Amino acid sequence: MSGPILLDRLKAQFGDKITGANLEAIDPWIEVAPEGLVEVCQYLKTQDDLQFNFLNCITAVDYFEPDPKKAAKVEWKPHIELVYHLSSTVKKHTLVLKVILPRWKDDVPGQLPEVPSVTSVWKTANWHEREVYDLSGVRFIGHPDLRRILCPEDWVGHPLRKDYEMPLEYHGIRGR
Amino acid sequence: MIGAVIDWSAFLFYLFAAVACGFALAVVLSNHIVHMAFYLTLALGATAGLFLLTGSQFVGAMQFMIYVGGTLVLLVFGVMLTAQHRFVSIRTRAGEWITAAVLGGALLMLLGYVAWAVPDWHAAPPAHVPPEQVESTSRLGLALTGVRMDGGSGYALPFVIVSVHLLVVLIGAGYLARARVRVSDAAARKEMP
Amino acid sequence: MLPGVQVGQPVAHRLAYLWRAPAWGRPLLVERSSWDRCRRGLSIEGNDVVEFFEATLNWPSWLAWTAVALIQCFLLINLVAGGALFFIWLERKVAGRIQDRLGPTRVGGKFGWLQTLADGIKLLAKEDIVPKEADPFLFRMAPYVSFTASFCGWLALPFADNWVGQRLNVAVFFIVAIVGLEVFGVILAGYASGSKWSLFGAMREAAQVVSYEVPLGLCIVVPVMIAGSMDLVTIGNKQAGYFTNWFIFHDPAAFVVFWVYFTCAVASVNRAPFDLAEAESELVAGFHTEYSGLRWSFFFMAEYGSMLLVSALAAILFFGGWHGPFPIISQGLVPALAAMTGASVDSPVLVYLANLAGCANLIFKAVIGVTVMMWVRWTLPRLRIDQVLTTCLKYCVPLAALCFLAEVWFQLYPHTNPMPLNRLQWGAPRASIEVREGWLPLSPVSPDDVQEAQLTHSQEHRG
Amino acid sequence: MATRLEDPRVVEFDVRTDEMLVNMGPQHPSTHGVLRLVLRTDGEVVSEVQPHIGYLHRCAEKIGENLTPRQWIPYTDRMDYLAGMNMNLGWSLTVEKLLRYELPEKARHLRVIICELGRIASHLVGMGAYGLDLGTFSPFLYAFREREKILDLFEEACGARLTYSYICPGGATADLPKGWLQKCEKFLDEFAPVIDEYHALLTTNAIFIKRTAGIGILPAEMAIDYGCSGPVLRGSGVDFDLRRDGEPRYTSMYDGYAFEVVVQKDGHYPRDHKYPPVPKEAVLGDCWHRFYVRMLEVVQSMDLVRQGIEFYSRSKGDWGTPIKLNQKLPKGEAYLETEAPRGQMGFYIVSDGSSIPWRVRARSSSFCNLSVVSELCRGCLIADVPAIVGSLDIVMGEIDR
């Protein structure tokens, strides 16, 4: 199924929950609003001609420039992009979904942005979301067991945020 | 001449007897159950030594196999499996001490009486029999199957009774050790993730 | 010949007779073979050495006995400890060869034969750690319990005709009982270590050893039944002559039961594929996870001592013990030497030489058994605990029981024995040992008669 | 977490024993590195397994945001350190995808040869270490004996034996040396008969079958749901291999190569007439099938290497020029998955137009494969835990990144 047809179909199905798309990119992507994410994923997985039964990866990309000089030049506002790479082992096709989130919930620094969890759709999302939570600081609502996975449980901060600073000391171990 | 003094048979008898009695006492005085089992091993092992010393090799080996190798291993095994916390210790209260002392004393008196009542103990010690001429195995085996050398009736019936009794005890122990779970608990457990 | 003794009386007849016995009066069982035990040559059992010390050196009796006891202890302890040194080296070499490696090559020049000694020195130098969580007393005692148990088995094991620490008429039974005690040390170690992995190892070991004692005991009954004795010296001597007289070739039941025995023996000494108590891929190191240095090595000495012990036991029970496959020494070399020197066949020197050859023979067979265990260890994966117990209870026990019944059958009806080798009767063993020890109920005799008979018999024999 | 594990559970109508919480790892002989599994056991029965990872975490993705793509290649080596070549390939292809770079013919075949050799080397460790998990030591050394020969070949090609950094965006750092192909063919000839030894020691061994057949059954739906890939997915009977079903940028590498995806179809594996049959006890998706798929993939890879050698020696031109160390990247993003020995290894690169990527992401196959372990280990015995974890063939360097 080609990109434009799928996009039209999703738009017809979900209306304004499909907030954008880029079909010219190397990997064409469709942008979904956070509130519609689970529905869209469920739809993509269960439709007979789509069958996106395989969640390859969830990535969070932090768009933020800590250097004020450079920050003036960038054309985007600070935000976090969640990228969902999907594929189908049956139909052998792939799809990229994006969800745009604010860097902080309600723009209060320290309040992690929230997005519904897709663990109910693909079980593999469990660990991927934990990793995103751990390293990029995104809270997944409805996740059964959201805790750090790679960093120790008492680690402070989310290392893949662009404004992350390595702690000077962790349990007596020098950090920097 | 020391040679007249050191009689190895007597020496080993006293050694084994002392070990058996000493560790039996240690079993009573210790309040750590696995230590007790260990002391009991030594006490029972020394008893087996006493048997071997008298030439009752079969009974000696049996003592090792059943009591030391079987019962005690099962005892420690049971402790390991069921211990609610590590290194179980048993505190004995004064009342228990008194009861135990009375019971133990009574048993000791009975045993002493029976022992001294055996005529051989009053007679001169029997002539030394070379150990390879002591054949107890076949006699024991036959006695258990109902044939006795000295004309008495065999032990087939008591043997069977004891076996059945042990079987009943085993089944009973298994029954008693079952966990009794309330249905609500069981249901709750099934619901847990 | 004693009155009433009928050689070759059908066993069924005897059994029926036994059932009637209580009404019949005072049956007396006379152990015939204990009379015709030949006590010739230098016997580790002590008597002749004691005689030598007393008569020739004029030592007091107590000193002579003490000296003999000490000599025996020295020999046996060195056998177990030296055996462990050798077998650890052998294990490394065997493992190396199996795995396309060389194994130790350096220490001690050729073949790295001193490697184990170097390791021993390393172990001596290691820190002796007692974990904080451990029960220090039991933790310290456990290795000694294991080693003592493994060592005590050697007391009753003959190395040649009458070369035995303490000859017992229930030697087989004694050894099985004692080897079973080794598990007690392992359980104590596992419990006292204060480590969960050790506890798992100990629980597995307890379950495994307690289960495997059952088929092991059943297996041992078969050769005991063939020999009619639990005395290992008697069992060994009944297999004199050609290899066709070995009990493994006696009948199909014995042949099958040997393999069951070997399986159970491997399991009861905790060797792969039954080494669950120390399964390193699951339980780190099982019961000896927390041990270090010399204490740890005690467990290993116990393991290798037990391996050699059960292999030696297998050699005596099934493979003729100290008798080679062909009676070169006893029927060829010794008579030839006797003829040459004009000495009697029973002369102490010749008997000593024959026994020495027999001892080497037995140890060679035992080492083969140990090597097979190593071969198995480095080839097979490990079983799971439930599979180990299934193997025991579902296969070994019924098989051993079946063999036991088959053996009873072959004893009752020897002519149905299909084993062709057994019919050959090459180099027939001495006629005297055809008599079944303790199996022949005699007509009622007074104790005096028995003593008289004993006297006559021993005179006959010596003459 | 701790509180969750302390929930009291009761064994019903049975002799009651204490439940134990046991730490398997991070220092444990059979957790393949520094994996820590918290087991809740009732005697020998494991009622729950909680994997704890991260002991080898280096945040390679953060490092990738500070280095140019070529500089990051050594870090990919250290992800799946048993198959560094395949990691290099995944990253190189992703960068090439972003650059829209077209690879010369010769470089394509070189990559096939090298990566399939890497797959053999990796599966050999997986096989040997699996034997070790089940308590047999010898196959491990037999596997390493052959692996050493592959490493010798790699050393000759790139100078390294473990962390190669050989394949890079644009091709490879060097051409194969003279005479290398003959040596490689010689290795393949020597290696072919050895595989029967492995089958005799492990695949068909009765104890091995008893330990693996019917243990840790992973149904196909669950495997897909948990994002399992590679031999773990194919062992469950899912006919999916990126070398055939992946993106054109990756599958074009295998254009002209004849190979059959190793998966059980209609109860048969490709060429199972030549290799030991599936035992009766084995259930599709169990440890035995995962192991068997790996064994057959070794043969498949040998075939591919032979074909690659032929293509390579026939193709003209050079082996490709590596991109500059500070090559400017076009603005955009690219995601590509390759079929690494342990499954689908994905790399994601986001560029803002400078030579240093804005964001780098590695989708690790072992990470997803491991996530299914608590599902597989429910109700098994302690001895099955190493058997199951071993059959997933994880590498902690890749999981923790």
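Every chain is named by a letter (A, B, C and D) in the order it is written, and numbering of its residues begins at 1.
The definition used in the following text is that a residue touches a chain if its C-beta (ideal position, glycine included) is under 8 Å from a C-beta of that chain, and two chains touch if they have at least 3 such contacts.
These numbers were taken from a predicted model, which means no experiment stands behind them.
Comparing the centres of all chains, each the average of its CA atoms, the largest separation from subunit C belongs to A. Per-pair tallies of C-beta contacts place B-C first. Mean C-alpha position of subunit A lies 70 Å from that of subunit C. One inter-chain figure worth recording: subunit B and subunit C are separated by 26 Å, centre to centre, where each centre is the mean of the chain's CA atoms. Centroid to centroid, with C-alpha atoms defining each point, subunit C and subunit D lie 50 Å apart.
Rounded to whole angstrom, the centroid-to-centroid distance between subunit A and subunit D, based on C-alpha atoms, equals 26 Å.
Counting partners per residue, subunit B has 81 as the residues that reach two or more other chains. The multi-chain contact residues of subunit D, meaning those touching 2 or more other chains, are 43. Touching two or more other chains at once are residues 203 of subunit C. Taken together, the subunit D residues at the contact with subunit A in this complex read 1, 53-54, 57, 59, 61-62, 97-98, 100, 222, 224-227, 233, 238, 240, 245, 247, 332-335, 337, 344, 346, 348, 350, 352, 358-359, 361, 363, 367-368, 371, 400-401.
Contact residues of subunit A toward subunit D in the complex are 25-27, 53-57, 59, 61-62, 74, 83, 85, 89, 92, 94, 96, 122-124, 126-128, 131, 135, 147-153, 159-160.
The touching residues of subunit C, when paired with subunit B in their complex, are 18-19, 21-22, 25-29, 31, 34, 37, 60-63, 65-66, 133, 135, 137-138, 141, 145, 167-170, 173-174, 176-178, 180-181, 183-184, 187-188, 190-192, 194, 199, 202-203, 206-207, 209-210, 213, 230, 437-439. For subunit D in complex with subunit C, the touching residues are 20, 22-23, 28-30, 43-44, 131-138, 141-142, 145, 201-202, 205, 207-208, 210-211, 381-386. Residues of subunit C that touch subunit D in their complex: 95, 98-101, 196-197, 200, 203-204, 272-273, 275-276, 279-284, 378-387.
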